[in-house]
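One chain, chain A, links the two complexes that follow: it is found with chain B in the first and with chain C in the second.
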Partner chain A sequence: MIENVSQPVSTATESLNAARNIIPNQEYLLQGSVMDSAVEVLLHRLRGLCDNVDSGPEPFYDHEMCFSIRGAGSMQPLLLRVRRALDYQDMPWQLRYIGQPEIGDKSRPTIVRNSIDIGTSATVVEFLTELGCRMDFEYIVRGYMFRKGRMKITVSKIFKSGQGKPLDNMEALSQSYLVELSVLAPSGQDAIAEDMRSFAEQLRPLVQLEKVDCKRLQHVP
Partner chain B sequence: MAYSVSISVEAPIENQIQEITYDGQELYQSPLSMSENLARLAQKIDFNKVIPEEVEKENSDSLEKSDDESSSKDSAAFQSSLWPWDSVRNKLRNALTEVCVLSDVLAIAKEKRYMVLDPVPQEGVETKPMVQVYARKKALAGAATVLLTGAERLRTSQTEISRNRTTPDFHIELLRLRQNWRLKKVSNSIIGDLSYRTAGSKYAQTGMFEVTKAEEENPTTGSPPPSPGPGGAPKPSSALRVMVPSELQGVAYIEVLCQKDQEDLCSASINVLGSGPTATNPDIHWQQKLEAAQNVLFCKELFNQLAKEAVQLQAPIPHMVVGNQIMATVLPGIQLIISLCHSTGTDKKPPSQNPPQKSEHDHVLEHSLHQLLREVHHKNTHHPFPHPSSGPIGPSKKRCLAGPMAADRYELMEMMKSQTLLEQIIQQAQHFFMRLRTEYVLDTIAKEVKDPLIVSHWNALNSPTQSCVKINIMTHGYDSVCRTSLIVHVGEKSLKCVCRDGRVMHMSYEPQELRDLIFCQIYQHQITAVQALAKCMGWQFLANSSHLGLGAVEPLGNASSCILASPIGDRLIAVRCEPHMGVQVAIAQSPRKDFFPGQLVKERKWENLGGSFKEVRWDKMEGKNFLNKMELLMASLTSS
Partner chain C sequence: MGVTVLQQFPMVENRTGPQTIEFLTKRVVALGAVQTGQFLVDCETYMSVPNLGPQRTVHVVHNSEAPASVFAVLESGQRSVPLVADGLFDLLMQKMATIYSKKQPKIEAKGPRFEIADFCVKLGSVTMGQNFKGVLVEVEYRPCLVASSCWELVREFLQGFLGSVVPATPPPYLQNRMNELYQPIDTVNQYLEQFAQYRKATGVR
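Let's look at the complex of A and B:
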């Protein structure tokens, strides 16, 4: 497709406003977990259900750090996540902001939350530290990614990162795998949530993907 | 004063009050259920009461007594009140008596003092063995006949099926079909999909086909087999029939022709569109039918895509789309014609009009087109995965890096550009022609020029748009003395030549340019070779010039020359080479032979200055080739 270069030049704000409808800033999410003994069956099933059966699941190996910064006063701290791919060192790092899940009606099939992610260079940690963010925690996640249409399914295991080199002395946080089904879409496309729900139904007896309310899981100190 | 007082009148409570709770609520005793009522009545039975027979006996015994009547009356009265339960009571009482007697007898017999249990001697049953055998035989025969009739029935049905039906079972066929094609059941019918949708195609036309059971045909076992003729023996038809949409029936392929310019473009039409009935040949097996239909769909999509691009693209010479043909100009004078040939198989007539100069259908380019479309499909489905995994699916690695690396608008626009199918195939066709021309030029030169040999090695590995050829110019017999090599990279519309000394020359698609270049290189080779030979022969090299400014202006390239001196210095050879005139050799010798002292130059010693150059008649010279002749010349002029 050849671009027609002779377009009328529009101002930056005009093009930004026009682009707002297509920037994916909402994340629709369903989560579940399987025990270690059952993960092979789940992977086999996902391999059959998802796209590109011939190429197989894509492994990934990421390191995530969570930063928080407190504004003036006793507001809620702003949480930012920095994630990098340990197996693809030349890919850019990712800075991500995840908002609170929308407290909509209970009939919504999935969690909907704001999600903005930006590609950055490796100096983002220094940048955030200079801004005043403190690192709350970090972890290493390793697993497989699948894709079905716009939906992305990850089956991953979370490890506690040892001090120094993250490669050695990794201990798993639990004896289970975290399964996540997510779609990044512009706001207003709620129909995708139904597709996600029907796909989750197909995985039903192996893993139960549902809306997980994080607030209930968090311990309030 | 009369006050009206409310009086409530209630019926008495039927059920007894069981308890009154603290809040005043009364809990009634629930009325007895049927089983509870029965239990209540049963409890009233007194099993110790005497039965009527005993009562009569007692009555007969004590007839004298005066209170007989009263007791009989009493028993009669009692009897009448227990009437519903009397028989039950009597039976139970009898049972009790019997059981008591039995237990007494057993206790006494166990003691073995007064009673002993003795077995009664059994008389042997008189059985006649023959009767038994006969009975058994009859029974077995009966069972055997039942089993045999059943087996016989099964066998006959099996042989009948296998004899009559040469076709396999419908369900087995359906299973085979399902292993190869996507099927689904919609209400009563089975619908299949043969499009490339799941492989990444975005073509709008559906590829739905329907599967039905084949009609029962009369078995042809009775009639004699037909004689082998044009019809052939009847093939066994399969149990299921497949119906493809009418626009996908038949066979199609994309025909790619590269031909020289024609004045009359309309005459080069090679349509073989059948206009006959669309009834398909029923003898084709469903697999071939479906594969052919899928191919038709693929060719249609490919042609559709190419036609869209041909209309949208703006080329220096515009592309033309006429009917089912696309004409694009590859190089000046050469056209690429892509046409969709779709035949429904019923049109048996050969095409009536064959264009006079029909070049062969290029299978390689057709295959390339198929591959290009498949690549487009592949890109549609295989999007790169995000790393780290929480990123969005879709952007390529370049696009992901564009942010952190601060790509500007121009770079982003460049990233968006991609080549269309038509452009790619035109490039491949252009390269094909460039390669063909280069081959032709090199082969012609190699045939024409025998003196230095031109050897060309084409690289075995190349791409559809680039090839390489290495050209070695050497003289026969002297290939270790001197060899000139150059590499020519053949692109789509240009050539690039890299010489050994580092010169890079770019040429256009005209074959004459390459020819001229090669000729120039040949004559430069000669001079270089002479110099190398001189080293071997011991001759000294005095001077050379690659671009000689002396003599007539050359039409092609520049003349080159060199001057050599013999080992003892008494002979000189001057060589001049140029592509147009060939080779000119002249020799001179040091003490002049024709020295005559004159008015100005009187002394003898001036004869050592050396004479003038005299040209050698090179065509009369002995020797197989130029270098050989030079060698012989040098050998003859060398005097020790």
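Let's look at the complex of A and C:
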């Protein structure tokens, strides 16, 4: 290939616009939970159903901080999450924007929400704080990740964040595990939601994965 | 990636921007440099809305030398917080349009990129909005990551084709970091330092 030295470099904005249709910015999501006593059975089942049969499930151990920032007046706050791997401290941190979830009617198999996942340097917490974001809450999450095609399945336990306590002495938030089935895809790929519905069917009755409306949970008195 | 020094090349009367780039191109080519394409460093500046409290500024910089990264530098009072992120950070800034908005024209440096032995040379014409503002010369000495170990060498190399305009001391931003490991964000901060000078200047400089 002869390199054309006089060809101008395309700007980052041009490249981003060219890729707009392939940027995975929609998250399809189903959630559920199992009691601690039942988790081994579920893990066993997932081990059999999922792709990573040989390597086994991938353990993860993350710290997540949830931030919000408010614009003018009555605007909905913008929600941002920062995640870092406690077991791989040299890995990039992850900054994530999550939009308002669309629950949809019964015909829609999963929750769909806007999502932008960004790998960042470790300065991200200081950056967000100075930007004007407020940290609303934080927690430690530890569990396993499975893959099935494009689907991601996590089975994890949530702990209260350290506050100086030794990490092996953490206080669990509940006596159950959170189970999430999700796919990150470009807009307009609704067919994947059907695949998720049928996969969720295969996990019944061990776990019931559903469209959980977080807003409704918040409004319970 | 190596230590990079950014240097302004003052404009003289009766020589236009393209003529200045042409003039410098001849000089580096005479040294044996080979052109290896074009480069682009651009900077968008966002300001916080008044109800967020004290004014904060976010500079979002792209550098064609690190095409998968977005560099953001947040200025809040006397503090400056850098963030290196991947390309989707630009989408996040769009989401924040109601909280941080573009108030200033985009400023960029672009032009030819050359390689000569261990050095990489870039001749950038700086434009703000549509207006030409001046010329920046970037020299990277690729085998070395500590500025104090190679500043003298880089200065001598710069003087070889820029002449007496090269100062005896490193750029202010580098002076405080002479013994640290050089990182791509350091190049970005040097550009921001220079861009700030161009913003202040009324004409070309």
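Basically, the second predicted complex is superposed on the first by the 196 of 221 C-alpha atoms of A that agree within 3 Å, B and C clash if a C-alpha of one lies under 4 Å from a C-alpha of the other, contacts with A are read in each partner's own complex, and residues count from 1 in each chain.
Convention: a residue touches a chain if its C-beta (ideal position, glycine included) is under 8 Å from a C-beta of that chain, and two chains touch if they have at least 3 such contacts.
Keep in mind that this is a model prediction, so the values were computed, not measured.
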{"item": "Partner chain in contact with A:A72 - chain B first, chain C second, else both or neither", "value": "second"}
{"item": "Which of chain B and chain C A:S15 touches, first, second, both or neither", "value": "second"}
{"item": "Touching partner for A:D117 - first (chain B), second (chain C), both, neither", "value": "both"}
{"item": "Partner chain in contact with A:M196 - chain B first, chain C second, else both or neither", "value": "neither"}
{"item": "First (chain B), second (chain C), both or neither touched by A:V39", "value": "neither"}
{"item": "First, second, both or neither for A:L29, with chain B first and chain C second", "value": "neither"}
{"item": "Shared chain A contacts, counted only where both chain B and chain C touch the same residue", "value": "3, 5, 117-121"}
{"item": "Residue numbers on chain B that touch chain A, as the complex places them", "value": "313, 381-383, 385-393, 397, 400-401, 403-404, 413, 416-418, 420"}
{"item": "Residues on chain A engaged by chain C in the complex (per definition of touch)", "value": "3, 5-9, 11-13, 15-16, 23, 25, 69-73, 75, 78, 95, 97, 116-121, 123-124, 126-127, 130-132"}
{"item": "Residues of chain A that touch chain B when the two form their complex", "value": "1-3, 5, 24, 51-52, 55, 58, 60, 62, 64, 81, 83-85, 87-88, 91-94, 96, 117-121, 141, 143, 145, 147, 150, 152, 154, 156, 184"}
{"item": "Residues on chain C engaged by chain A in the complex (per definition of touch)", "value": "35-40, 42, 48-49, 51-53, 56, 58, 62, 64, 67, 70, 72, 74, 76, 79, 81-92, 95-96, 98-100, 110, 112"}
